[in-house]
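Lettered A, B, C and D in written order, each chain numbered from 1.
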Amino acid sequence: ETMKIGITQNNVGVDSYQTTYEKAFIDAASANPNVETVVLDAGGDVARQIAQMEDLIQQEVDAIIIWPTNGEAVIPAVRKAYKAGIPVIVTNSNIAEQGFEFVKSFSGPDNITQGSRAAEIMCDKFKDMGIENEAEIVQISGQPGYTTAIERAKGFEDRLPEVCPNVTLVETQPGDWNREKSQKVMEAFLVKYDGIDGVYAGDDNMGVGALNAAKAAGREGIIFVGATNFAVGYEAMERGEYWGSIYQSPVDDAEAALQTAIDVLSGKDVPFLNYFDTPKITQDNMAEFEKPVF
Amino acid sequence: MRPSNLSGVGTFLAKQGILVAFALFMIGFTIANERFLDPDNIMGVIRSSAILGVMALGVTFVVISGNLDLSVGSMMSFATIVVLDLHDKIGPTLAIPSMYAMVLCLGALIGFLVGYLKLNSLIVTLGMLSAIHGLTLTYSGGKNMDIADKEGTWFSVFGQSDALGIPVPILIFALLASVLGLALAKTPFGRKVYAVGGNGTAATFSGIRRARVVFTCYLASAFCVGTAGLLQASRSLGSQNTVGQGLELEVLAAVILGGASLLGGSGTIFKTVIGVLILGFIQNGLLLVGLQFYAQYVVTWIIIILAVWLDIAAKRGKLWSPIA
Amino acid sequence: MSNQTPALRLEGIVKTFPGVRALDKVSFSVMPGEVHALMGENGAGKSTLMKVLGGIYQPEEGRIIVGEQPVVMTSPLQAKAKGIVFIHQELSLAEELTVAENIYLGELPKKSFGRVDWQQLYAQTDEILGRLKVGFDAKTKVGDLSIANQQMVEIARALTVEAKAVIFDEPTASLTDAEKVVLFDVIEDLKAHGVGIIYISHRMEEIFKITDRISVLRDGHYRGTLTTAETDEDEITQLMIGRKLDLSRNASHHEIGDIALEVRNLSCGKLFRNISFDVRRGEVVGFYGLVGAGRTEIAETLFGLREPSGGEILLDGQPTVIHSPADAIAKGISLVPEDRKGQGLILGMNCRDNMTLPQVSDLKAGPFVAEGAEIAIFDQYRDRLDIRTPGWKQLVGNLSGGNQQKIVIGKWLSMHPNVLIVDEPTRGIDVGSKSEIHNLIRELASQGYAVIVISSEMPEVLHVSDRIVAMFSGKIIRTFTSEEVTEDNLIQAISGITSDKAA
Amino acid sequence: MEPGTLSTFLKRGAIWGFIVLELIFFSVAGEYLSLSDKAFMDLDNMLLLFKQSAPIGIIAIGMTIVMINGNIDLSVGATFALSAVVLLDSMTWPIFAGLGDGVIPIAWGLALMTGMLLGALNGLIVWKTGVDAFIVTLGAMLGYRGLVFMYNGEQPTSHLNWTLVDFAEAQFLGLHTATWFLIAVTAAVWFVMNRTVHGRNAYAIGDNRTAAINAGIRVGPHMMINFMIIGFLASLSAVVFYSESGSVNPNDGELYELWVITAVVLGGTKLTGGAGSVLSTLGGVLAIQLLRKGLGHIGADTETVNLVIGLILIAVLFLDRQLNLKGREELRI
């Protein structure tokens, strides 16, 4: 008997992580003869996502996977599915605790940990260079308002003073997950601050944007650290221009979500918080990782 | 009629309110942060405004002809993605003309729909905004597009190199602005653009082929968008599918800030350039002052309204609107 | 009359625009129950004076006195409250709304909750429309009406309020004779109720027919007031333009040449059917008919603006299809359209650019427009047509109505067409310039152009035409030569009374 | 016949014809392409359609009157978000702590006030400075969004109140709460535009502003009232939507202005003002929502959805033009 699984994603096409996720999800589903999927995308709009939840409920799918646009706003919609007896699996970024009773499982990376690991990468490098007591850094965060952006910034900002108490974060501005925007932000930072030693970016796309700005301005020796390693970031690391990032595979993310849904439907026991590991990647250990496909 | 005397300064202010506003902002920012007037910074702002600026040049034509173009942002993403993709497939020399050809086809399609079929330009270009985004995603499979060999290509000249000590994007922007500015102000075609936007019916009655004029304006817009995509691609040698997203409104804001009326028939390339620079310097100035991005939003709001208000108040000679 | 208090009085009014002193210490008054004409050349300042009175412009100097009270009027609303009603020269209507809503614009009758009292609105409107004897009803959308009928809607506004004074700014410019009669009845009626009426017109016969006194403006200056019964045309024109007019037709007997334009059985849907006529080089053919007779539509078809549903057009004997105005122009046809604001001009453009628009592609110096050549053309026609403007840079929208019309005429004359079609060419043009334009039309004919003149003014058609085509309801009733035609048989023909049909 | 009656409704029929086409297409295509065993035109699904149309729909109704008035409001998305922030945050304010669920009407009131004030501010600026509404509201789109972020940093503002959620999810006579609001707003605004002096004056101002001024209509206050109405409706939309969802991201409502304007123009309202109909706007909203829903139903992917929605918008416009052609004898301009 086939399982009908519906998924409503956050915003496909906004960056290649989400696009690769979608492809991987569809591939994984079609590889499994027992699974049929309805793949929807909310385009970043909560209202549209709630409508898609309602539609999926109305179409009587067997399970729903949701990549929340807003971890709280979707709770009532999740409750509707729960009331209709449809199990809900949250993917990539979690919903708020109030909604936990209505979902079966969360599957995805731990963004807070990612942020704090990025802080550690940065700090370790500064210690190597012996500037851990004077370094100044700037942060370029993701799209304002998005859980992922908020959590990665929070993880970083909380962890940094613990490991490197004397490093100062002089300014944070959003780069909207956008390489171009990030490049502009970095250009202004470079004009404004003469002594930038490090840049932390919410993902490598933005990190590379900042790197481009620094290269154009002829500023060398800045340490760039991202979270979520993209192909561009990996290449920049190969060239020795970019220090490190967090390795996170959208393929793992998608496959984990689908597998969790299948497990739930087959009556298996699944842990409620189903984090997959996202290790540190730096120029030192990058040989252990394959180049990301996105 | 006996002419009544208006002082030269008064007339100048009335005509160039926007320039005065521009000067005021520059002074304000310089007081707030002395690095603002640093030549490197100024060059940097103009260089990063060049992409928006090039797009705004084309949109100026469209707006003066009485139409809108909301598709420029997503068309710019398309151009960037296409030229990057083709760069690795057929080499930069062929990639550039191929990209222009594709973008001009899209421009021609819009021009056909708005000019010849007389469909409402707001909806047509809004539709194209969405459709071209879909096209880009289909083309790229939703992935980032990057040039494989970033060091070994001459393709970076457009976005990254200098000539005569000036960054090439600025030169291209300046060149295009001069050519298009002359075309608009001095050629028969430019005159027709104003006529069609000022009163399309009367223009038709004067033997102007309105559809053809509108069509050509969209081609001009597409050409500018292609150029912007080229600059963008060359600047970063890699891009997301959403690189131009949201630029349509910024472009429109710049054009309007320059004093073009959305009803058509008025505006100039020179003023659009001023509009572009104002936006660029506001953004940069606020970043330098160190405001949170959301405080920047609020300040931009106030500045846009003040600038336009100053401009029209100078024109009508009264601060407050005479509307009852 | 002189021992009464005037209904309103203007004293020492000064109004300037950038580059123009439109009114220079003008004083003027109108008595209750008087019809007071305001005359002057195009651009003399008549409309501006009235706009001051109507609260649209604020004068720099001078006073307005209503009854015995000096008043300051800063908006049309205040003028209205003082009992001043203003019927504008340029139509001032909301086209998407109904006739009733337009007539009561700004003062729709209200019920509870701010609702419109439609019943009352329609009742009142019907009553007014009844008095005006028009052929449309209160619920018609104004945009669906012809220009003439829209003008009647404007006029209807005069009847809506208890007015102390009503200003008519060239109300008859686009009316036909029948409608004029109605308008004059309305004016008589208002007059009998003690309303003071200010009447602006360039048409002498109307002035003599309905006015009591005449005040004249020239170049923004007050020139004097005459009593209508004691004056004549010569005296008025003398005051207006400072010289006498020679109104006789230039009896330039020139050769009538070959047929330049021939139309055979031309039809266009329901607009007109089976139209056949020809125009020879050196000949002026007048088209005369009532509003809606279809004359304008024929002109538009000849100019490539409408697709004929049947028939043939021949230029110099060659059958042609005219695809568009651009095509028509290339084939030597020009059209001076009847709606100068909508079709003739780009109001936000300057005078020179408007005038050279159809030929801008031909006036080139390298890739650019040859501005010197443009200015030369502009200067030539400004002098010829006596266009009053501070310079070519003035926006056409800032010109007086009559001067705008002259720009349109200049624009098409400067094209030197083979076939020139002029639709209501002298609408809103002062007497001096009018005769100048008539002379010009005759002169063009004598130079070998074929000219079609569409006009709703019988004297004009009779004056300029070699032959006259009388139309009624989309059909040609009869074609007269200038020898056969009389006022009577022309009126008969255009009213659909078919006595002898010889086309 | 008074304006706004059945005949004008049918004359602007293209959008309704298009809705019928969509229904037929998705029903047939759904048979082959959809995973679901349920028909597309299932009653529940159609009821959902109305409910899901409400957030955009309520704002679009407001946009119709602003556009009829000859203006435009690009700040509605930001107003929507700011009102939502006020709605959800005010429920947690200590001064209202003792009220229990009694805080709900107060929070609603505050949110609606917020929208009305923001609208009034736009209106006042347009009126007093004479700056074009497009520019004023383009600026406000940024400015109001900035206020949203200032309120709570980049964090979402959340307050889940299950009483409120239950109310918002309720169905009365089969229709969802949101649908009732949409219907009520449509009816009320239709009444205002077609039956009241304010509405008719708004048409006149949009049609020919000079004529309206000459006729002594006070243009400024009318415009301001309309901006207040759209501000109110943007916040009403937020009230209806966030009562159910309980959390607002600071960038919620982005791009709403474009979708709202699209719906309004699809409904036949002229961008230049003076003409337009509230009912046709409703048609425009339903057509867009139906399209999204239908594409989801038949399983179209993101690229296709973008592509198709774009092309369909243009197709509807084309259809509308073909239907309104007056025939060959029309002036070719």
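The definition used in the following text is that contacts are C-beta pairs under 8 Å (C-beta built on N, C-alpha and C of every residue); 3 or more make two chains touch, one makes a residue touch a chain.
Note that the structure is predicted; figures quoted are calculated from it, not measured.
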{"item": "Chains touching both chain A and chain C, listed by label", "value": "B, D"}
{"item": "From chain D, the most remote chain by mean C-alpha position", "value": "C"}
{"item": "Geometric centre distance via CA averages, chain B-chain A, whole Å", "value": "33"}
{"item": "Chain centre separation in whole Å, for chain D relative to chain C (CA means)", "value": "44"}
{"item": "Distance from chain D to chain B - Cα centre to Cα centre, in angstrom", "value": "29"}
{"item": "Chain B residues counted as touching two or more neighbouring chains", "value": "133, 137, 142, 201, 204-205, 293-294, 324"}
{"item": "In chain A, residues with contacts to at least two other chains", "value": "12-13, 22, 144, 174"}
{"item": "Sites on chain D at which at least two other chains make contact", "value": "149, 213, 218, 302-303, 305-306, 332-333"}
{"item": "Each pair of chains that touches, named by its two labels", "value": "A-B, A-D, B-C, B-D, C-D"}
{"item": "Of all residues in chain A, those that touch chain B in their complex", "value": "12-16, 18-20, 22-23, 144, 171, 173-174, 178-180, 183-185, 187-189, 191-192, 205, 208-209, 212, 216-217, 230-232, 235, 294"}
{"item": "Residues of chain B defined as touching chain C within the complex", "value": "1-4, 6, 182, 186-188, 191-192, 194-195, 198-199, 201-209, 265-266, 324"}
{"item": "Chain D-facing residues of chain A, complex", "value": "4, 12-13, 22, 36-41, 43-48, 50-52, 54-55, 58-61, 69-77, 79-80, 96, 98, 141, 143-146, 149-150, 174"}
{"item": "Chain B residues within the chain D interface of the complex", "value": "70, 113, 117-120, 122-124, 126-135, 137-138, 142, 200-201, 204-205, 210, 249, 252-253, 256-257, 261-263, 292-298, 300-302, 304-305, 308-309, 312-313, 316, 320-324"}
{"item": "Chain C contact footprint on chain D (complex, rising order)", "value": "1-3, 195-198, 200-201, 203-204, 207-208, 210-218, 274-275, 327-333"}
